[in-house]
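Some notes on the structure that comes next.
Naming follows writing order (A, B, C, D and E), and every chain is counted from residue 1.
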Amino acid sequence: MSDSPPRPSGMPVISAKGIIVRYHRRTVLDVPDFDLRDGETHAVLGPSGSGKSTLMRVVGLLERPTEGSVSLDGVAVDVGDRRARLSMAAVFQNPYLFKGTVEQNVAYGLALRRVPADERDDCVARALDRVGLAGTQRESALRLSGGEAQRVALARALVLEPRILLLDEPLSYLDPLIKRRLVGDFSEILAAEGVTALYVTHDQDEAMVVADRVSIMREGRIVRSGDVDEVMGVPTSEWVADFIGMDGSLCGRITTAKEGIAEIAIEGLLVYACTDLQPGADVLVGIRPEDVTLFRTADGIPASSARNQLHMRVDTIEHMGSTERVSLVTNGLRLAASVSRASARELGLERGVEVIALFKATAVRVAPAHGVPAGV
Amino acid sequence: MSDSPPRPSGMPVISAKGIIVRYHRRTVLDVPDFDLRDGETHAVLGPSGSGKSTLMRVVGLLERPTEGSVSLDGVAVDVGDRRARLSMAAVFQNPYLFKGTVEQNVAYGLALRRVPADERDDCVARALDRVGLAGTQRESALRLSGGEAQRVALARALVLEPRILLLDEPLSYLDPLIKRRLVGDFSEILAAEGVTALYVTHDQDEAMVVADRVSIMREGRIVRSGDVDEVMGVPTSEWVADFIGMDGSLCGRITTAKEGIAEIAIEGLLVYACTDLQPGADVLVGIRPEDVTLFRTADGIPASSARNQLHMRVDTIEHMGSTERVSLVTNGLRLAASVSRASARELGLERGVEVIALFKATAVRVAPAHGVPAGV
Amino acid sequence: MEVFWKAIAEGTRLLAHGDPYTYGIIALSLRVSGISLLIASAIGIPAGYLIGSRRFRGRSLVTAVVNTGMGLPPVVVGLVVYMLVSRSGPLSQAWTSWLGGIMPRILYTVPAMILAQVIISLPLVVGVTLAAVGSVPMDLRLQARSLGASGWHEAALTIKEARRGVMAAVAAGFGGIISEVGAVSMVGGNIEGSTRVMTTAIVLETNKGNFGKALALGFILIGIAFLIMNGMTWLQQSGGRYER
Amino acid sequence: MEVFWKAIAEGTRLLAHGDPYTYGIIALSLRVSGISLLIASAIGIPAGYLIGSRRFRGRSLVTAVVNTGMGLPPVVVGLVVYMLVSRSGPLSQAWTSWLGGIMPRILYTVPAMILAQVIISLPLVVGVTLAAVGSVPMDLRLQARSLGASGWHEAALTIKEARRGVMAAVAAGFGGIISEVGAVSMVGGNIEGSTRVMTTAIVLETNKGNFGKALALGFILIGIAFLIMNGMTWLQQSGGRYER
Amino acid sequence: KKAEEPEEPAVEEEVVEPTALILASTTSTQDSGLFDVLIPAFEEAYPEYKVEVIAVGTGEALKLGENKDADVLLVHAKAKEETFVAAGFGTERRDVMYNDFVIVGPAADPAGIKGMTVAADAFMKIKTSGALFVSRGDDSGTYTKEISIWKASGETTPTATPTYQLAGKGMGDVLKMASEQAAYTLSDRATFLKLEGTLQLEVLVEGDKALFNQYGVIPVTDATNAEGAQAFMDWILSDEGQSIINEYGVEEFGQPLFIGNPS
């Protein structure tokens, strides 16, 4: 009869059912089923305007949906349930800081929870240190730079050590240096016993580092949801492929399987992959551009442990900063490779050039094709 | 005696001299010399709080610096010079939208410039289309999602087709899909005849795509400034190296040079690079992690056209999303390699493992070491 | 309670029967307070914008002075204006001695009442406007400037952003003068047919002991104020469609 | 101009000599208006917060009603309060008939004046507060809630964020009553030593033809209002250090 | 060191809280300053009462009596007072004192009424000359008197015209208005004498019987403090009260402002 029995890990902490949010008759959110499981970090990705922030507001009991209900630990809760809200803390997309000092901002939630002042000071100092703003306690919160403000908003939530963290693009204003550090910190904080997090982001790398599960949203709906490797590795629709930066996934069928290595027939070509699926299974196959190495056919193929070697033709080349994204085709099959600018120059890559795409069997992600809705 | 003689390209359009900005005695900006050359896109990178936004406000004639002066086309200008301001348009870090519709926001600057209403409508429609918000004219600007708001702010500036664009992290809220599209668009807009841009960003890849020149700021000072390849390729201090995600640059001396390929001695090792510098020159050498391929020594070195092969040891491995950043050392020399997660697993990379780092001579960036201040 | 119902009935009767006396003082009240409000807004909103949006030394002192102005006793304002425009006041004296002419009498005329009402409503308009304008973020104004806004455009935008507060300022100013009696009666004289407005009429009826008629006029005044405020609120909220 | 200097000198003299009559009416003015303001703020700020921060049907109507309240003629308020508390008024009648006792007289006492002043200042406090509160972004309030704020905390934070506007509201309310004369003289009776406040004293002196003394009292009133407003402005701005 | 002083027994003086006696009167009486000497003298004679003066227009004063919000009235509109008593709102009405009205106007006297002895004739002359006349235009005793004079002159009650202003204000204000506009008006002598220094007006017509201004005292029926009201009436009609009335003003103006004529 203890009032908080240990919940089996993986049980939904928060679950939202039949959520519909309409503004002026426009439906901006239509999510029949969404949950945050105990201890997981659930990343939500999606294009701008797809309803991520709205979903966060609904799950965070900050906005009452037009339809549907949210429950916490299996009990239906509402916007008015302050006890439920007290177990959460949110970081909004825009860092809405309160008038006053940085310290007053970070200590806000602690004060509400009646944490004694001296304890509070310690917590605040630690939280500020964590976000790289040690010693800024007395500064005015409204005079901070964009990134500083965002970090204060982050500290303000982290300092509460809540059971549930709701983070809406918490690192969007930050430079790679501090971001790298904070992402590392996050995975630590979020991995800690019992912290459940909803993590809205537009940075897939960030999502892959921190998240256990990923949901991809589009126009108010969740179009793909699952474990991070699965979702990010094997896109189930062209749109998702495009969104996560892959050139679509390939449909094939396993022809043989031996010692954990399956031979998959795709459009007449054979691809080797590590999978436990059995011959005859229809599968989706995804290969991340980063895992594909290119060679000019003229140079001959070097000896390599990589099992997959496909002769392909360069279709398009896209600038992506320090790398080039090369789209490859061979009779209907499409693949992308990410190569450094220098290599691209060296290899003389341009539209129509013939190359060999090399990738390892372990780099090929495979998912069963059935059960995946065709439309999305 | 035409009133706008064609200026030779590359002349400073805006130049700021001896700028110092102090808030409450704290110096947040100390930039003796900064200019935007005609037609260039000048990216400003730097950690949070380093003074990027402040620099933009000063250059954009939105804030009078404590000391120093700004001139436009060689003529000293001030916050009060509206004519000077009319040739610029800015996108702030936070999308400050005005109350009213999306259309009213985007048309704001046009209305100020007395563009006739029907022409205005066309321009607005085109600008909104460009940022992927076609048809949202009549929506309330204050009800948009974070990314939508940012794009409206962007459209509001782009629609003016100003001579000088000031962009403060204009894409920070956007997902990769729309970002990729907009970055592409930007390089087009910015490459157009006569558009000069200051582009504050924390995304190096973005900077590398759009920028001609880069300045890196730290604690209110510009610590590195130059052409994009130079700055991003060869860090001149450990801090800059860290910031741009490289493991420091290496100091060496050119021993021989033949057919454009130089042999550079670094800490007793030899590295081959493509450079025009002559033997005897002291140089800094930088290699981007993306250009380094790793092989397990046990597997033997494959035949390769890459001239540089260094035997090294894995020092640390850091999660970076879909890739792993592997730090390598060999007697004092330090190098980073970026490998896919799958490859890292395959190669069994972990601290202490011996590997061969393979990189091409063309991937080695070389800069003369003299003239580079030692401290920064 | 009966007396109130009676008063409302009486008020309705006065209006319905088109009583020229009543309509006359209603019209004058609206004219005097309307013109005063226009003048006070024309001066007060820009002044409030300047004080509220600029940072300068002594700003808090200026704010305190303005706030004090909200507490100017109308009687004192009336007295001061009276002294200025009285036959023996400095204004008339100066006029007479410098210009050799007789100053047209303005005491006991509508202009004197307007002068007093402007003085009374100005601090209200300025004080509330400056507080409202101060809540518009600096960066929003910078953003406008960065798109090419001149000082005027920036001011217009800021006032538009602070519209609700500015409207409250105008409403407070209007409320302060439409209901004011001390100053208008002192400088206007409450002359039937020329300077009698609703409030002075109410006071007169009260002094006569005609509480019913006084209340009736009071209710008419309140009703008219409501119609005007409703119109202003409608303006104030009409932008609300696009606000959060 | 001389008359003004004389009045200021006279005012200073009255204060310096510790004239008990003057100090008495100053003290009473401050007590009456101070208590009224406290009551009006205690009711008006929360009410302004609720109206300004909630979205509900009829909000603009409520706003218009509140704004109309800013234009309540003090004489009418005085009249209504008088009728309520008069011996033949409904309140006394009810008291007498239901409870069988004689209601303690409140006409011509301080409580009656406070009642009238609360009615006069309440709409000002509510109206300006609601406009100020409306300018606090919804998301800021959501952010507070997401950190565990209850409704009360959220209200406190919102009012703190809108502090300048709320202070302007209180200042306007104070200005409205410290300078008010119609209602207090009607329900207070301007009785020397018990209900005579500064404004009624000014009117009395004016009627007696003692313009100098009237002005002197007026300047004292303005001086006191300035001191109080200065204190409030100081409070209002003290947070400014942390504001943009 | 703290000395242990024996607790001194507090001398419980028998202080009876005086009961309030509300006197509704006219502004002119209050403005004349008479109450400043009259009230303290009464309170000395009757320490059990504390007089609270409510100075309003005669009409409002009667209304306050009607509502029983005043205990005793001191007003000057004889006809109305009698109606008031007849309606049962007052127990009785007694004459207290009178002062007289004077017709005042600018020294230049454009209507040429100076020295006239019949008020009604003077009014006619002002009217026919086209000079400006400022009337109280309220329900005050003065206005009531003015109307009766107009009636005596054969005129119907005048209405507002450019030369006849209905001010609807107190005596002091109307005098100021007349002074400012170089106009004529009817004033009670007391107020005029009190304000004479601030005005550019002179007494032009005085002494007509018709200009007498009778003040009466009325205790309110069922008053809260009926005893006090009675006491006040008795006292003001007594020799003590009357002598104070007859002396007030002599020192300052060389003539009394009010002349007692108790009935």
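A few comments on the model shown:
One rule holds in what follows: a residue touches a chain if its C-beta (ideal position, glycine included) is under 8 Å from a C-beta of that chain, and two chains touch if they have at least 3 such contacts.
Here the structure is a predicted model, which means the values were calculated and not measured.
Between the contact lists of chain C and chain D, the overlap consists of E. Note on connectivity: the fewest steps through touching chains from chain B to chain D is 2. By the count of C-beta pairs in contact, the leading chain pair is C-D. In whole angstrom, the spacing between the mean C-alpha positions of chain B and chain E is 90.
Rounded to whole angstrom units, the spacing between the C-alpha centres of chain C and chain E is 35.
Per-chain CA centroids place chain A at a distance of 57 Å from chain D.
Of all residues in chain A, those touching 2 or more other chains are 94, 143, listed in ascending order. Among the residues of chain C, those in touch with two or more other chains are 137, 139, 186, 206, 211, 244.
Shared contact sites, meaning residues of chain E that touch two or more other chains, fall at 66, 170, 173. Contact between chains, using the touch rule, shows up for A-B, A-D, B-C, C-D, C-E, D-E. Taken in their complex, chain A has these residues touching chain D: 57, 60, 62-63, 82, 85-86, 88-90, 92, 94, 96, 98-101, 108-109, 112-113, 140-143, 153, 156-157, 160, 166. Every residue of chain B that touches chain A in the complex is listed here, in rising order: 23, 45-49, 52-54, 93-94, 132, 143-148, 150-151, 168-169, 172-180, 184, 187, 202-209, 232, 242-243, 245, 288, 290-291, 293, 299, 302-305, 318-323, 340, 342-343, 345-346, 360, 362-363. Residues 86-88, 105, 107-108, 185-186, 189-194, 196, 200-201, 204, 206-211 of chain C touch chain E in their complex. Chain C contributes residues 137, 139-140, 142-150, 153, 157, 160-161, 163, 239, 241-244 to its touches with chain B in the complex. Across the complex, chain D is touched by residues 20, 22, 27, 30-31, 33, 52-55, 66-69, 170, 172-173, 194-195, 197-198, 224 of chain E.
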